[in-house]
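In the two complexes that follow, chain A is the common piece, with chain B as its partner first and chain C second.
For the complex of A and B:
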């Protein structure tokens, strides 16, 4: 992703933000769409396009969990572990998924298909325990078996053209 | 009632009536009244308060919740309580949270014993923790740069270092990454933190998260002694503090009580980490005497006696050359000595450095101090490059720009200020053309400050005259001379001339004994001529800190103390007399130059009355108008202004010498002898090199990876080449780094304009 592409993406929305710092987030999200995460070059391109230092852009990127500065899998499975979900058995869901994916806790599968992550409340406590694939709909309530079916389904799907995380 | 006739606001803090000017923050108002409110993040030098740490919470009657005293301005009739139950509870709470993940490894922390977090915890904290959770741990330490170590688990996320990087140095490199308890200081992708001012983050850090690599585990605060002194790294004359342990300088820091009229508490990394040069391998360790018996070490007493014997010889024609970092007392005593040598034949006394004929009109302009830059509406930098030659000045100039001043950098060199200020690049050798632009920029200004470069304007007297006229015609405009030498302003105020006549006299065989004091003329401009001329003097007596090009030829070598070990006065580029205080035990076998001169006068049988630099200073102040009314007490810890002295009006009109391209000399302090002797600065010191514009390099048929031969009438040197598209064609930029490279020797003795021929060097040619 080049600084120029990012600038073009930003130009129609520039007037919406009084503080130019606010442009960094949409720019990062846009840049992340390409490869699903943010290599240093992409952050440098965002810095160039927004006029802030590379260090500052990286500081913003690392603040948010859903902006990835390390490579992640084709799909990111975010399992909610906050109170409601925890009381309704999110631990089991998480452990079951980790087991099924051959992971030792959070992490990315060897084939690069999946990243499994624990997240805080995703705003669907009425559907606890729940999870979210990338930035998609919250899915729940889940039994451990439902979760593994979900993974099987995802495996069948082609890689998205652009990543929405 | 609440607002007094004197404009002060009246409020109550802890039941006491306190007055403070409008706009004062509660912390400062309380402090002035002797009430301490604990702080971590508050530091006015870093800009507006940000309220990051919550340490300063106080109770203000009528306000909901607690207020941060660092960012709450005083208001009439405010009733503040810093010691109420609620306030104390908040202080306890904040400290308990700050310590929740803090490793408390004080026994192995360099900050332990001089740590605000320790002090505040003892004074305001809860005393014991209720937390049973395991603490967060990070591997430690991390090198933030070769010089600064980062211990992430000790960081309390106060933002001070980040604000310094973002808002003072404006290098944009330090930021926070992650959030919450995982917050850590970082640079982009873990690159090293690069810059000329990185060490200030160590002074700012209120905990042991940022520490100095060279000082790591070197001493504990109860083993050290701190002495306020002044940096002799460049003519800025930054105030600093010397940390001594067992007689050795172990560390230099900014002053805890900054001198706001000079450096504001900031020092550059060259100033901070130059001290290892005191113990470099080429430091002179013992006096040397060469006579019929041979060359051998002798005790200092004997060496001084020998020196007086030589200098006293009837009819001996003596020349005394003072170097670029000697104190005014040494300069004064050298003049006193001059009247006592040769059995009545007075010696010539001269200084290395720029003659400065033709600078009279510039020097006659009303002078400014560094803090005048803060309130200026226009700041012009004319010639030179403060960013590399007087680094801390750069921070002041950046501050003025942030405060709204129009800043323009005018001259032939690209500078680090170009990106954020107006950069007007002039054709080398044509500063005269800039007079019109300067005039334009000064139009309508009321408080302009013009920083001008001594070396550049001395090489262009016509430009100096024209620019001086423009500045003098601007009401309220004041000037600061960016001096090339540290001792220049002081020695000039004593009326000591540059060394041109001394060099001519030496070459004519009219000098029998050359006494050098802290000078190595063979490494500077016209170095080869000086080397040959010194040989014509039958006898060389050298007082020096380190080996020089004269050491092996000298009849007598007297090791002398360096500025960090010595006592005396240096005059900064703003004409401020400031005191050096010895921060270390005298190096073995060495003595202060002033003391050796006093000893010599005693042995000659015509003693000067002074026993201390203070006495010498008192006497010189009586004799020299520039220092009238000053003594050590008046100078104090803040320094005092030296009166301007009338300047030598002589303008030796001379055009450039030599063939080829005009030389633009660049003298970065990170390339000076101290930077090259200090192992701490290995990663950041500047090598000597030649820099050319791409088109010029092409025309000359030289490539980046090549070394080039540079020839001026003063000699030939082979140097690495750098191609830089920001440079002017038709000129050769000569960066004078490593003194051993001989680059500085290519300049003429009078530092006037010179041309150099540049050509590709044969592969095997190296060095000088």
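For the complex of A and C:
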């Protein structure tokens, strides 16, 4: 992702903000769409495109859970573990998925296909226990077997053209 | 099934209204027409007169909040819609956005007329990308139809809305943290005053309201503020959507006229109640940040004052129900982990205190508690965290635990000595 590409993306929305600083978050999300996370070169490109320092851009990026400053898998499986989901078995879903993926808790599979993460309430407690692949539709209510079927389906799919985390 | 008395048209008609044509067929944009027939001051007075209170959690009167905006400052006035819905147990704004995005857009347009605003922002949480796409499409359609743009508020009176996506941070639902995030900074709350009404987005006068609040404006303008104000008690008029989740057979959103439904009716009649043979043990009626109440309080009417009367808050309306199969300390530990994760780290009492809460409750649950010493330590923590921070997150972390300890002292004492029993979550239950 080059600074030029980011500038082109930001150009139509610049007039919507009185301060160009507001462009940093959209720029980071756009840049992350390319490789699924934010390597230092992408932070530098965002800095150049928005006119702020790379250090500042990184300070913003590190605040937000869904901006990844370390590599993650092709797909991130976000299992909600907050209270409403816990009451309906989210921990069992998580443990089952971790087992199935050969992970010891949260982490990324060796083949780089999946990152399994425990996340806080994703606003779908009516579908508890639920999960979200990247920032896709909230899926639930799940049985452990549903969760592993989902993983099997995802494994068959090609990498997304752009990542929406 | 169509629902009587609903303020939200998709509920009134029992159908999703995701195209402008469908929304207009269902009476959409009649409210804006009526609002534009009034002077901005009269429209503002209508908000006030309706008695509508902020539906995001704080319950502050919407009309009064809007009246705090200074006029003729020579600077733009902004409106920011808080769609960062992140309070655990709350998913009502998600439904409005998914099924009725134009009512929110119309509500924002009405508010823009009243306060003199040319650009509003909808700040939507990053986890609601699917919902953001619905809004993207609705905004584009409204723009194409001239409902947004250069003449949105009448000839030569422009208004438009920018959708801004968050990136995963509970704290950005706090209004000043939201503004920081929207300004391209880390989402950390500001010292108040000044309040956003005076110095909000980019230091300009800013009205911030929740999705459910703004979406209530079209019917208020069309059917009249007195119609809205006539529903429910004088101080808590109107309807409220409660999101019911946890150990109930029919989790979902239920809209009630405030003051006319009890918590018991919400849980049992509407949400299907708990499993046969189980009974309600604990309820967080307004999201996870409110004090928990027990079975003895179930007959409380659902309105702001009545819920305060039993020691809790209406909050966001995220009603989390727990039955007697679950350990209260384990539930509190899970919430403490949430607040520890979401504390922005700006204020020491919150940054450190939420960590202590989670650690102490964690060791209790794991059977490594220190008995009465841990209970005393918990009790001493509450006052060291509460009321000592810039925003309400810390209070939200303390209230559910403190209230639970008061309600279930024996269970806390037992768990502090012996640990928490093995969990037995509700799974594979039919969802009605």
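Note that the second predicted complex is superposed on the first by the 165 of 165 C-alpha atoms of A that agree within 3 Å, B and C clash if a C-alpha of one lies under 4 Å from a C-alpha of the other, contacts with A are read in each partner's own complex, and residues count from 1 in each chain.
As a working rule, a residue touches a chain if its C-beta (ideal position, glycine included) is under 8 Å from a C-beta of that chain, and two chains touch if they have at least 3 such contacts.
Nothing here was measured: the structure is a model prediction, and the numbers come from that model.
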Go through the superposed model and pick first if A:29 touches only chain B, second if only chain C, both, or neither. second
| Given the touch rule stated above, what does A:63 touch, chain B (first), chain C (second), both, or neither? | both
**Request:** Considering only the touch criterion stated at the top, classify A:40 as touching first (chain B), second (chain C), both, or neither.
**Result:** first
- Message: Output check: A:54 vs chain B and chain C. Expected answer is one of first, second, both, neither. What do you get?
- Response: first
Item to complete: For A:18, select first, second, both or neither according to whether it touches chain B, chain C, the two together, or no partner.
Response: second
Chain A contact check, chain B vs chain C, more residues touched by chain C
Contacts for A:108 in the overlay, against chain B (first) and chain C (second): which applies, first, second, both or neither?
neither
After superposition on chain A, the chain A residues reached by both chain B and chain C are 52, 59, 63
Per the touch rule, the chain A residues reaching chain C in their complex are 13, 16-26, 28-29, 50, 52, 59-60, 63-67, 78, 81-84, 86-92, 119-129, 132, 135-138, 141, 143, 164-165
Chain A contacts chain B in the complex at 40, 43-44, 52-59, 62-63
Residue set of chain C touching chain A in the complex reads 76, 85-91, 93-94, 119, 125-130, 160, 162, 164-170, 181-188, 201-202, 204, 243, 245-247, 251-253, 284, 288, 318, 320, 322, 326, 331, 334-335, 338, 341-342, 344, 423, 425-429, 431
Listed in rising order, the residues of chain B that touch chain A in the complex are 166, 172-179, 186-189
